[in-house]
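Okay, so chain A shows up in both of these, paired with chain B first and chain C after.
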Partner chain A sequence: MAGSEVRSALTVLVIAAILFIAAPAVIETYTLTVLIIYGMLALSLGLIWGFGGILCFGQAAFFGLGAYTYAIAAINIGESTVPFLLGIAIPFAFAFVLGAMLFYGRLSDVYLGVITLVVTLIFFKFMNSTAGPEYVIGNARLGGFNGIPGFQTLNVPGDPGTYIYDVDYYWFCVVAILIVYALVRWLLASPFGRIAVAIRENEGRAELMGYDVRIRKTVLFAVGGGIAGLSGTLFANWAEIVTPGMFSLAQSAEIIIWCIVGGLGTLIGPVIGAMVLAYLKFLLGQQDIVDNMMLLGLILTLSVLFLPRGIVPSIGLWVSKAMPKRRRKRQRVRRPRAAVEEVPGG
Partner chain B sequence: MANILETRNLTMQFGGVTAVDNVDFKLERHELRCLIGPNGAGKSTFFKCLTGQLKPSAGHVFIENEETTGWDPHAVARLGIGIKTQVPSVMDGLSVRENIWLAAYRTHGRERARRFADDAIDRLSLGEIASATVGRLSHGERQRVELGIVISMEPWLILLDEPAAGMTGEEVARMAEIIGELNAEAAIIVVEHDMQFIRSIAKRVTVFNQGRILAEDDVDTVMNDPRVRDVYLGKKV
Partner chain C sequence: MDLAGVIAIEIVYSIAMLVLISAGLAVVFGMMRVINLAHGEFMMMGGYATIVAVNVGINIYIAMLIVAPLVVGIIGLIVERLVIRFLYGRLIDTMLATWGLSLFFIGAATMIFGNTTTGISPPISGFAIGDYQVNGYNLFIIFIAAVILIVMYAALSLTRFGLIARGAMQRADMASALGYDPDRIYMLTFFAGSALSGLAGGILAPLVGLVPTTGATYIAKAFITVISGGASVIAGLASSATLFGLISQSFTFLFTPVVGEVALLVAAVVLLRLLPQGITGRFFKGGM
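Showing the complex of A and B:
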């Protein structure tokens, strides 16, 4: 990572940490925790769509798979450390296999979107139909539309009796999203990340340079799946129940809306988009005059009309316009413009 | 001299249309060959069959005696082949330097990539716009960026599809110079329309017509071939 990128990443991390420390004074930690989890889920799609150009309509599949994997493993194992790791590893592996089939099959654009959406809906349909007693994995009943409740939630590794919950769980999620963000920044700054962006920009040219775009897209897709799986695992521990609703069409669509509203091509954009919209949804859920989803649709429409780049890139643009000309000129000399645009504000 | 590139009965069909028809072609080490022909003659299709961008319907492609028929473009490129496409194929959202560095990185690795990228930038006089976003450059500059991508890979075989298209007179002359310099290190195939440009660089020319090779000889002989004038030039050169 170049010095300027390290500074930029550290700035974002420090500001985020300060906000996370201050936020419990305004919003209760229970709500904040799920906002962070949704932020991480949006980050997973922001990575593969915004930087890899892979529009996955089924990020909810990995989210739900992570949650179900954790719940099933936690019931069977009892202690949360291995289930937690499986909640990341299984969605990663599943995304790797699915991605390999898609990218080695040269599927892209709308076909990729449709197939990933169908995969999610297959999970949704299947999980809804597992109410019978024959749908058991070890000691865990899948439970159909009722889902799986009553599993061991996160505990201190090696000590199943000491749970990480409430405010401690909030801090656990804060640390998790900061670590994930830092790792993703590092990944994007590495040659792998630069090549991923190059593939997004011009897949044909990347191939003519000698890069095998299929394996690189597969790996990026799997990383996105792993992060979505982690957010699903965290969600399972927050909600203490997993249900087929995690695989729903509404869930899939929401993740895409978060990314569009927050701003693609940035990492903090999708996180902010998710947290703002999910909190708005939470507030609106306390009234029954207007339907939640209708309002979300309205916000998306307004956002596309007035902030087509999304919240974060638009703010970046306003700031750069407001900046004195001389300072801008100096910055242009120091850093390539393209690199600045690539990760505006992180 | 040994052939470094050879095609045998190469054929490419799109439905009922035969774009490349049983083409036998040979290129020697350090040779500079121009492919010319009227629009729709099959030059670019032939070119894409060589680079792996199209899978031929029949026939064979050999590069350094290795059969590469049907290989993916990245595998062909990895043999040490630099490819410049008809329409500049660059990463519009990245800077000039990053475009070239990405190519150099694939070939030379992290340690040496920067040096090779800087060399290519200097050679093509791209220093002043090295930090600019490629999408904002003129057509001629984008052509040079793409050539920079090719050069930084240090290929031993270079395939250039219409390298002078859309360039100013000065840029065309500079391009001819650069191709001459590159030919000292690599064999080059140039697909081109600009006859003046071809005269300035070519030693040997292959004329395509209706997917087949119509004539193949030195540039003066080809230009004076009545068959070539009939199908391509329509007048005496």
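Showing the complex of A and C:
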């Protein structure tokens, strides 16, 4: 069991690495970098929603929080190593506290959705209203609607003069997403991950078996928040500005669309969904015959209606149907996931 | 004294606003357990319907009170037939599908009307209370919100269709066995909910400059009000609108409008943490 798990994780990592090495030949690295960042953001929601059954409507809150934390800390500290770590730690801690409040209150489903949505809105409204000079953290002005520009971007640790940018930054992000993917695979293969899936499948049963559902969900939620924070930090370094738009409802919606189109219950599904759709949006942004929001909306609605499992699991299903001989082997490896797909949302 | 009067009107007005923007969503959620995240866009389309109708020369009251609900109701009917009816009972999926619709409508409106602000002027002028100027249109909104609540209550508890609709929502199979087609009832209920959203959009059209993304400013508030209200359509709507209206308006007076908005959101988080089933999950149980 453990062997096949390691093998399939390694296969994905190797294929992904080859694709990332080949990709700059087709698409500019500047664009690719942001696709990877979005992929990581989708991965964070794919983890807590697809494997933990926690539908968070406000993943953008952690994304934005990570970016703002980095920007504010970078202005005050001037060297990027500590801000980078804070950009992960603060969203993690915030998600932990928020998650504890939600899960110890035994909120579920819609109510969870509302509260996470509301928290995102609070951030959005607050950050938009901080234009005045009185909103300062250390040396950093929050800047309201205009956001925070001009902070120290990522540098080689210990040497604030040597920036990591452009193509180097692309490789930095590639390594980051591969490491995050490997860690998440490891987390899910560990007892903690298996119990998280059990909780998603049947919360009452898991609880009767003696597992503390509340703390486990809280921790999983916090891990998701930390990954989203990391992608926010990376985004801040890519865009070199952070704006309240990162907390917007549209941003949250997009993350959910990536996951649903890519496929829940898998890890690569959301990543692929994010990269494909974000690139599509980028291409659509270059023409103005059809409004691209309209197309995104159409994609989401149609995929809920016709592809409720998402692209990746659907392809997996077709492959296993087309190749009956390999089916037994596949089923053995995929069993924990096959069970996932049958119960989307209970 | 004058100030007290003005403040009282403002508070009642903000409650009425919440009732108005949430009514359509409350009907659809309370009766059918469907959360329509395109609700804000339904309101936006109601607003555009009103403006277009006024520009072709139709009387503004007819445009707001008849044209807007009718147009949006019909759009709602089409949406229900094409999308929602396949997703009954799948709460999360309906939320996602309607979220997609909301983006679709924003995009469509941007293509048709452009990303610019359009508007009409309110038909009622202001008047003075002592030293203070009060917007007459606010009183009209309070009046309409009260009428909506009364009509909703009357329609649900006094008419035959209300009885059948409530029955079908509780036990679709029983209603069906008694010869009522649940499919048709859902369709009509969704039509009614959409028409209410359109009405709200039409009435708010003179107050705000309309842009295609206007809906986003309403959906969160409407969503929070309805969910916090809980299972009962009318009691839930009235109680949570009252609570949130009171809180947000008080904080607006004491601090700034932004603080008022944030206070509303914080109140919602605290409320749901304490009463996870919404207000009517604990109080006014079994009401409507």
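Just so it is clear, the second predicted complex is superposed on the first by the 322 of 346 C-alpha atoms of A that agree within 3 Å, B and C clash if a C-alpha of one lies under 4 Å from a C-alpha of the other, contacts with A are read in each partner's own complex, and residues count from 1 in each chain.
Quick note on the criterion: a contact is a pair of C-beta atoms (placed from the backbone, for glycine too) under 8 Å apart; a residue touches a chain by one contact, two chains touch by 3 or more.
Only a predicted model underlies this, so the values are computations on that prediction, with no experimental measurement involved.
Colleague: If you stack the two complexes on chain A, which partner ends up touching A:Val304: first (chain B), second (chain C), both, or neither?
Modeller: In the superposition, A:Val304 contacts chain C only.
Colleague: Give one of first, second, both or neither to describe whether A:Tyr279 is in contact with chain B, with chain C, with both, or with none.
Modeller: After superposition on chain A, A:Tyr279 lies in contact with neither partner.
Colleague: Is the number of chain A residues in contact higher for chain B or for chain C?
Modeller: C
Colleague: Let me test your reading of the model: by the given contact rule, A:Ile115 touches which partner, first (chain B), second (chain C), both or neither?
Modeller: second
Colleague: Have a look at where A:Phe192 lands relative to chain B and chain C in the superposition and call it first, second, both or neither.
Modeller: The answer is neither, since A:Phe192 touches no partner chain.
Colleague: Of the partners chain B and chain C, which touch A:Tyr135 in the superposed model: first, second, both, neither?
Modeller: neither
Colleague: Just to be sure I follow: which residues of chain A are touched by chain B in one complex and then by chain C in the other one?
Modeller: none
Colleague: Please name which positions on chain C make contact with chain A in the complex.
Modeller: Those in contact with chain A are residues 35, 83, 86-87, 90-93, 95-97, 99-108, 110-111, 216, 219-220, 223-224, 227, 256, 258, 261-262, 265-266, 268-269, 272-273, 276.
Colleague: Which of the residues in chain A end up touching chain B in this complex?
Modeller: 191, 194-195, 197-198, 201-202, 204-213, 332-333, 335-339, 341-342
Colleague: For chain B, which residues count as touching chain A in their complex?
Modeller: Checking each residue of chain B against chain A gives 51, 53, 72-75, 77-78, 83, 85, 89-95, 97-98, 102-103, 105-107, 110, 130-134, 149, 153.
Colleague: Which residues of chain A touch chain C in their complex?
Modeller: Per the stated touch rule, the residues are 55, 101-102, 105-107, 109-111, 113-115, 117-119, 121-122, 125-126, 129, 249-250, 253, 256-257, 260, 290-302, 304-305, 308, 344-345.
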